[in-house]
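Shared chain: chain A. Partners: chain B in the first complex, chain C in the second.
Now for the complex of A and B:
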């Protein structure tokens, strides 16, 4: 059975709230019922049928043929199935997802993977600020799953993260891993200022020494631990990277000593 | 004197209101930027709710980090009165807006009458990079209160706060901080230390770090912090918005209920990205709104002439100058009544906005 396909007729003028268009929520609905769902957020809100041509029936495999920076909440809260976006997405893609997989071919707005607890979110372009991070008023960030950004991520990637893996392949902005409680954030490429600010535990894994680090991170020299090899192997076997990120005997900083100080920054060292 | 214009043509106030109401009613996504006293803010939010519009303070970008301290981190806060009467140790944190220097100096000239020791010690934690207000004014404040300077080489304020927190917890750091032993001794002797800070737009996470430091101290003794907003009037609008909707500005009513989202309802971004199709600007300040592209502008401004590019301009009174008002005061930590300094007949923001809301066609004005 062909996957449920939403073909974008024209760039939407308003921001769209696509929370309702997930495999879980569309399961068992007819095309006519789906077309009537309201997704616009302006005073004259559009429905699904106004903006998309709908084809296919299998709601466990959803395809957005065409994307937009106005597509908010793609795959939010989903627990199974697959969502594919052939283009850009807006804010909060994959927010609170618990399972299944989302692939976004283009760029993504802020809070992608916000508070996700399971599943896999892959963004092939750049992502905005607060990757995996909580919204205002929420105490906990990403709690599980795998989040891959093949482009660059903005500031505060992995904010308040407590479990799971984030991999960013073309560098990230400032405050990566801020307020982390646990989990792993791997970054290939240039890392902005103050990574790990306020982190209690968890691992930040870089392919180079961070340039602007808080002095509340202590240089621990080179480490000879099994974890770096294990994690490098995982990244390669999962298809996230094609070469090791950390290599053997990476350098290590411990911190943030302003808080608990049990976090670590591991980074590749030459020689 | 004219108080209303459609384009550049002077018209009766009622005609301008009708014209503006028609534009609002026909718009798909109206947005409101405002700067008003309590009554004005309440009327703006009521209008936004009726329209299904989004609203933000005109200083929304600066408010964002101050608001985030409360929405994302939380903290321990005290009032200016408690600081004046009980704080026997005051630690100024970073650059404080010049508008608050007089308040701080008033504490220096009086002793804490409810503190055990009836004397007060001062420290100033400095960041390495100057932000608004300037280092000179800040240095002068430190000298006048005879504050002991706490600083670290080439450390930004966020770094300095982190260093101080780590050092006070007895954990290792890579850089020393000056006069730390003096502060440790003063903290050990103090009954009620208070950290005085303002919103730091350069490094918002430093505010979270500072609150963590205060929480650490509270494990063994009483300590608190005093938040001095960068703009009292703007902070008053934040508090008014919170009591009306439960949320600060950058709130919208997409489905009739308020939704707070500081990225989604960033009015300047919405105008830049052409998500909004009508901009209602309400401010009695000197700043003149700029029309963004082809998006129609309705301007309620303290002006004697039409705003360039605005579809409708209505002249409004400045609260506290043209009429009495209620505004937030950091000196008391709450709202206070302010007498008009130069009373005039210009219409108040609240009155104009209420007339606008009443002029909306009832069917179209309902939010979706």
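Now for the complex of A and C:
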């Protein structure tokens, strides 16, 4: 059975809330019912049928043929199935997802993977700020699952994260892993200022020594630990990286000692 | 009883009697194979028989770096016990005292399914609050800071109730030297069978036992029927040409693994021939009433 395909007719003029178009929520609905769903957010909100040509039946595999920076909440809350976006996405892609997989071919707005608890979100382009992070007022960020950004991530990647893995392949902005509670954020490429700002626990894993570090991170020397080999192998076997990130003997900073101080920044060292 | 001859060696028409057991397995890695094996050997010391040691344990197989979770050399260790509780107790104590303490070691699950047995989940408290929990790739690990870096340990490992303990071969020879050579060949051959261990020293037992004794409180005592120095004065199982007997005891993850191991051991001893090795091969049993698993030698011959 062919996956349920939404082909974008024209660039939407309003922001869309695509919360309703997940495998879980569309399961068992007819094309006519789906076409009537309201997804616009303006005073005269558009319905699915206004904006998309709908084809296919299998709601466990949803394809957006064409994307837009106005597509908010793609795959939000989903727990199974697969969503593929052949284009860009807006804010909060995969927010609170618990299972299944989302692949976004293009760029993503802010709060991608916000508070996700399981499943896998892969963004092939760049992502905005607060990757995996909570919305204003929420206390906990990402709680599980795998979030891969093949491009660059903005500021505050992994904010308040407490479990799971974030992997960013082309560097990230400032305050990566800010206020982390636990979990792992791996970054290949240049990392902005103040990584690990106010992190309590958790791991930031870099392929180079971070440049602008808070003075509350303390040098813990060069480690000789089996974990780096185990994690490098995981990243390669999972298809996230093709070469080891950390190497056998990464350097370590401990922090953020401004708070609990049980977090770590492990980074690859030459030689 | 002696009916079959292979390469000049008599094969008794008898069977090995073995018992259902609980088993678990872990992978121990280290900076070098030497140190991974050292941790494994220390951990499996004093683990020859459940009668006195609580469990039976040994190295199953050495693993190259490409086959270990952390890409370092290692080995797979198996533990067998009579109950899940005892298996858990032995695993925790042995890993805690012998693997955690060994330089550069790390420890991973090497069995899936069954009741999860605590590994790092029990030892993490050694970290005194500095232990780090890591979950990725569907697995859970604990990292415990120690003096040479970190002890990396998976949280749990699996166990099986399908394991079999007590597969055996008795090698009867003209003298102790020949019995030992036959036993060494059998151990080398069985060592290549995955999922099996030989828990006794170097895989060999010289003190085969019978159940009970004339003394109260002794649950097992020497099997005088197989003691050559008594062959004239007791009802002996040995002929006049036999002056030494050694036994190989095999524990396996499955019954199939035990029969494969016995088959490999038989072939190795038969290939060695009667001039240099054993004159006769037999197997130990208790009349077939105690153990669920019977391995008839005639079914396992090459």
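Brief remarks follow.
Everything that follows uses one rule, which is that the second predicted complex is superposed on the first by the 271 of 271 C-alpha atoms of A that agree within 3 Å, B and C clash if a C-alpha of one lies under 4 Å from a C-alpha of the other, contacts with A are read in each partner's own complex, and residues count from 1 in each chain.
Everything that follows uses one rule, which is that contacts are C-beta pairs under 8 Å (C-beta built on N, C-alpha and C of every residue); 3 or more make two chains touch, one makes a residue touch a chain.
As the structure is a prediction and not an experimental result, all values here were calculated from the model.
Model built by superposing both complexes on chain A: chain B and chain C fit together without a clash.
Within the superposed three-chain model, A:238 lies in touch with chain C and out of touch with chain B [touch as defined at top].
With chain A used for the fit, chain A forms the apex of an angle whose arms reach the C-alpha centres of chain B and chain C; rounded to a multiple of 10, it measures 140°. By the touch criterion defined above, A:226 reaches chain C but does not reach chain B.
Ranking chain B and chain C by residues of chain A touched puts B first. Contacts of A:203 after superposition: chain C is touched, whereas chain B is not reached. Nearest C-alpha atoms belonging to chain B and chain C sit 15 Å apart in the superposition, given in whole angstrom. Partner chain B is touched in their complex by these residues of chain A: 13-15, 17, 41-45, 69-70, 72, 91, 109-111, 134-137, 175, 178-179, 194, 197-198, 214-219, 256-259, 261. Those residues of chain A whose C-beta lies close enough to touch chain C in the complex are 144, 146, 163-165, 182, 184, 201, 203, 223-227, 229-234, 237-238, 262, 264. Those residues of chain C lying in contact with chain A across their complex are 29, 69-72, 104, 106, 130, 132-137, 141, 143, 148-150, 152.
By the touch criterion given at the top, residues 27-30, 51-53, 68, 71-72, 152, 155, 158-159, 161-163, 165-166, 169, 171-175, 205, 208-209, 212, 254-255, 260-264, 273-275, 277, 367-368 of chain B touch chain A in their complex.
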